[in-house]
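Presented sequentially are two complexes of subunit A, the first with subunit B as partner and the second with subunit C.
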Partner chain A sequence: MLALLFILFAGLAVGCAIGVVAQRNPLYSAISLIGVFISLACLYVMLAAPFIAAVQVIVYAGAIMVLVVFVIMLLNVEEERRQRTHLGFLVPAAVILAAILIAEVSFIVASVERSPSTPTTNISDVGLSASIGSQLFTAYLLPFEITSILLLMAIVGAMTLARRIKEVPSGTRVIPGGQVLALNVVEPGIPLGNTTPVETRSTSEAAELLGLPDEHDPLKRD
Partner chain B sequence: MTPQLSWYLAVSAALFTIGVTGVIIKRNVIGMFMCIELMLNAVNLTFVAFASFFQDTTGQLFVFIVMTVAAAEAAVGLGIIIAIFRNRETLDVDEASILKL
Partner chain C sequence: MDWQTIIDVVLKLVAIAVAFTVVLLIVAYTVLAERRVLGFIQGRLGPNRVGPGGMFQPFADLLKFILKEDIVPDKSTRFIYFLAPVITTMAALMTIIVYPFGPDTKVPFIDTPLPLVIARFDVALLYVLGVTSVGVYGIALAGWSSNNKYSLMGGLRSSAQMISYELALGLSLIGVILQAGTLDLQHIVELQSAWHGFGWFIFWFQPLGFIIYLISAIAETNRVPFDLPEAETELVAGFHTEYSAMKFALFFLAEYINMFTVSMLATTLFLGGWNVPFAEDIFGRGTFLFGLVSAIGFLAKVIFFLFVYIWLRGTLPRFRFDQLMNFGWKFLLPLALLNIFITATLIFLGIL
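This part shows the complex of A and B:
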């Protein structure tokens, strides 16, 4: 019975994972990834870890995937184009390395198979939130605190990345990416006192406004 | 017949390999990001399987910490993706090659 459930959920997880890679539309990939998370949560329940299963559904399938789907919708991502192959000798090298990796993994699995293992008993208190919480706040307090510092860094980093720079001095030069140019830089006829910013969204647009050759346009390179 | 430890490890290895393959063959930044999440989940499955079979809570604690790292990575990573899209107006990783010599 347990073996049947394992095969069901493991097959679902691997199938959805293949779907994540195979789909060309990012939204379908995201929905397949939610399938992977849900079936992994089921596997965690089978491993007598109900707390981790609940956190998996809430944090991964809830918070993180909502963020990803939100970004996909916001950016209106197009489907991937069929990619051209310019890899050359890398393809056989990749096949050889993958064969070595599979051999290593099967060696590890086989050696684990030979070692004695005790099957999970559902009466243990290993997976309960009480035991996890008491360990987290006694023996593993330092990793917990480091995690809080990490989250603080993530908040600061995300805000720094999302911030738009509004004001730039009049001596602005062309830098890659979105930038703000003073109006008297763009149109020389306007007197120097007027420095109303003109916003451009890309380097090529800014270079066009300034009348400079665009060295960073990916379409015009090589 | 109950599931053995090696079964879980095999599933985890398969998920991790699929994630690596996706990071290599995907050209979309969001697709690569989701494949990295897949790899993190494969490692989480290994942690929980070992924790359950060895009757030790430590593995599940580290799954908790890995999830926090994944959440932080999601926030910063998606911020970077939006910054790339704002500057390059594309999500193709081959287009964002300005650091290439």
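This part shows the complex of A and C:
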């Protein structure tokens, strides 16, 4: 029974994985990847690790892939046209690496089959949420905290990269419609506190005076 | 495989069939109740022609959905267009199996007590969150594959909204998890049976968590006042604009099943699940009557939540999209973190 389920989910995982690279429509690839994650979660359940399975679905299928699908939908990516690729030396390298991988896997399978002690069949509580939690907060506390700091750094980095637009200097006013700028923007000699307005005619002119990159419309900030 | 396993599997399948039938029946009558209650709120009658008091209206609607012409837009992405309603409905239905409808109950003619929950396992709560998060795809993909601007807008709005409020929803549950110390829903319910069945977590000690959960759950199910993904005045019908006949019915069904499951989760975690005050003192634990009263109490609490949904729909106007996002990220999320902080501190001090 378990073997049957394993074959089902493993086949599903491999099939979806092939789909990820073989599909020409990027959205189909993304959906295949979701299929891979879900079938892997089913395999985790069969390995008596329900916590990992649930987290796999929540984090990968529920959060990360939603963002990927979101981006594909927003960018409206075209279907890829099939064309000859020039990979050069990568092809033999891939063949060699695949051969090494297959050799490793078959070695592991063979050594497991030949090992004298049969694995115990009783279900352990290693995969349960309580044991994982207590282990994470005692034995593996430092790696756990370091990982969370790493994630925090990634968030801060993303925020910084997304907010690259130069800040408008204080004492400057940009009013929608009128393109009214402070005097010291036009003539740098005047001190910052002076906010006598100067009128410009177009958005790009205002952007130029403010020293903003041209593609950013200063009116649409925020 | 021996006979015992086969009997167990068959029993589970029967349990699933019974639970799904009960839930779908209640869902069908929720639709009718919504139309009647909205009619009452707006000073009109609502559907009352089919059967006594409109009792057979859901079945008439179902027949209509089945018999209507199924129109598929010419420029749609076919496969995903068909897949989207299936994903939505499946994700909605799959969470039903973990909710405890009642305690283990002695049934006449059977020796062992019958569990009134289909699947009881360690990470039930995480399973609910995981399956719910997969449900986003149905809506997003439906919006994209219809090849319609309104649909796409609805789908994008919906995914943004569901991702944003999933955070607040998940964090609001953590208070309960901290207090209960388990993710097993049946165990969480049993922990709330103190004080003659009144030891609900909403009283002691998650009132804030309950409010955050309720608000974000309404946003998760795309209901008024958070129904921007299908705002009729702006987007025709949002992500399901291009869907007709049975495929539209699947989306419709999924929305109401989601309402039902979200209400079941609220009942289980905050309102004591199947705990009916003083039922244990009167009937005694494990008896058949106790099980019956508990199951009825559970369904009554869930139906109360469904009524709240309808009530809100008849009362509140819709949010603007930026208000929705600001509310979710800048108000609900910090509030949920505050709730976790308070709960953790109280547990650390030994008060809870």
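Some points to look at:
FYI, the second predicted complex is superposed on the first by the 141 of 222 C-alpha atoms of A that agree within 3 Å, B and C clash if a C-alpha of one lies under 4 Å from a C-alpha of the other, contacts with A are read in each partner's own complex, and residues count from 1 in each chain.
We take it that a contact is a pair of C-beta atoms (placed from the backbone, for glycine too) under 8 Å apart; a residue touches a chain by one contact, two chains touch by 3 or more.
All figures in this text were calculated on a predicted structure; none of them were measured in a lab.
Once subunit A is used to superpose the two complexes, subunit B occupies space next to subunit C without a clash. After overlaying the two complexes on the shared chain, residue contacts for A:Leu8 are found with neither subunit B nor subunit C.
If you count the residues of subunit A touched by subunit B and by subunit C, you find the higher number for B.
Contacts of A:Pro50 after superposition on the shared chain: subunit C is touched, whereas subunit B is not.
Of the two partner chains, subunit B is the only one that A:Ile18 touches; subunit C does not reach it. When the shared chain is aligned, subunit B comes close enough to touch A:Leu40, but subunit C does not.
Once the two complexes are overlaid on the shared chain, A:Ala61 sits against subunit C while remaining clear of subunit B. Looking at the shared chain after the overlay, A:Met73 reaches subunit C, while subunit B stays out of its contact range. In the superposed model, A:Leu141 lies in contact with neither subunit B nor subunit C.
Looking at the shared chain after the overlay, A:Ile31 reaches subunit C, while subunit B stays out of its contact range.
For the pair subunit B and subunit C, the minimum alpha-carbon spacing after aligning on chain A is 11 Å. When the two complexes are superposed on chain A, the residues of subunit A that touch both subunit B and subunit C are 51, 55, 63, 67, 74. Residues of subunit C touching subunit A in their complex: 1, 5, 77, 79-80, 83, 121-123, 126-127, 129-134, 136-137, 140-141, 143-144, 152, 155-156, 159-160, 163, 166, 182-183. Within the complex formed with subunit A, the residues of subunit B that make contact are 1-11, 13-15, 17-19, 21-22, 24-28, 30-31, 33-35, 37-38, 41, 44-45, 48-49, 51-53, 55-58, 60-65, 67-76, 78-83, 85-89, 91, 95, 97-98. Residues 2-3, 6, 10, 13-14, 17-18, 20-21, 26, 29-30, 33, 36-37, 40, 43-44, 46-49, 51-52, 55-56, 59-60, 63-64, 67-68, 71-72, 74-75, 77, 80-81, 83, 94, 98, 101-102, 105, 108-110, 112-113, 117-120, 124, 126-127, 131-132, 135-136, 140, 143-144, 147, 150-151, 153-155, 157-158, 161-162, 176-178, 201-203, 216, 218 of subunit A are the ones that touch subunit B when the two sit in their complex. Residues of subunit A touching subunit C in their complex: 1, 25, 27-28, 31, 34, 38, 41, 50-51, 53-55, 57-58, 61-63, 66-67, 69-70, 73-74, 128-130.
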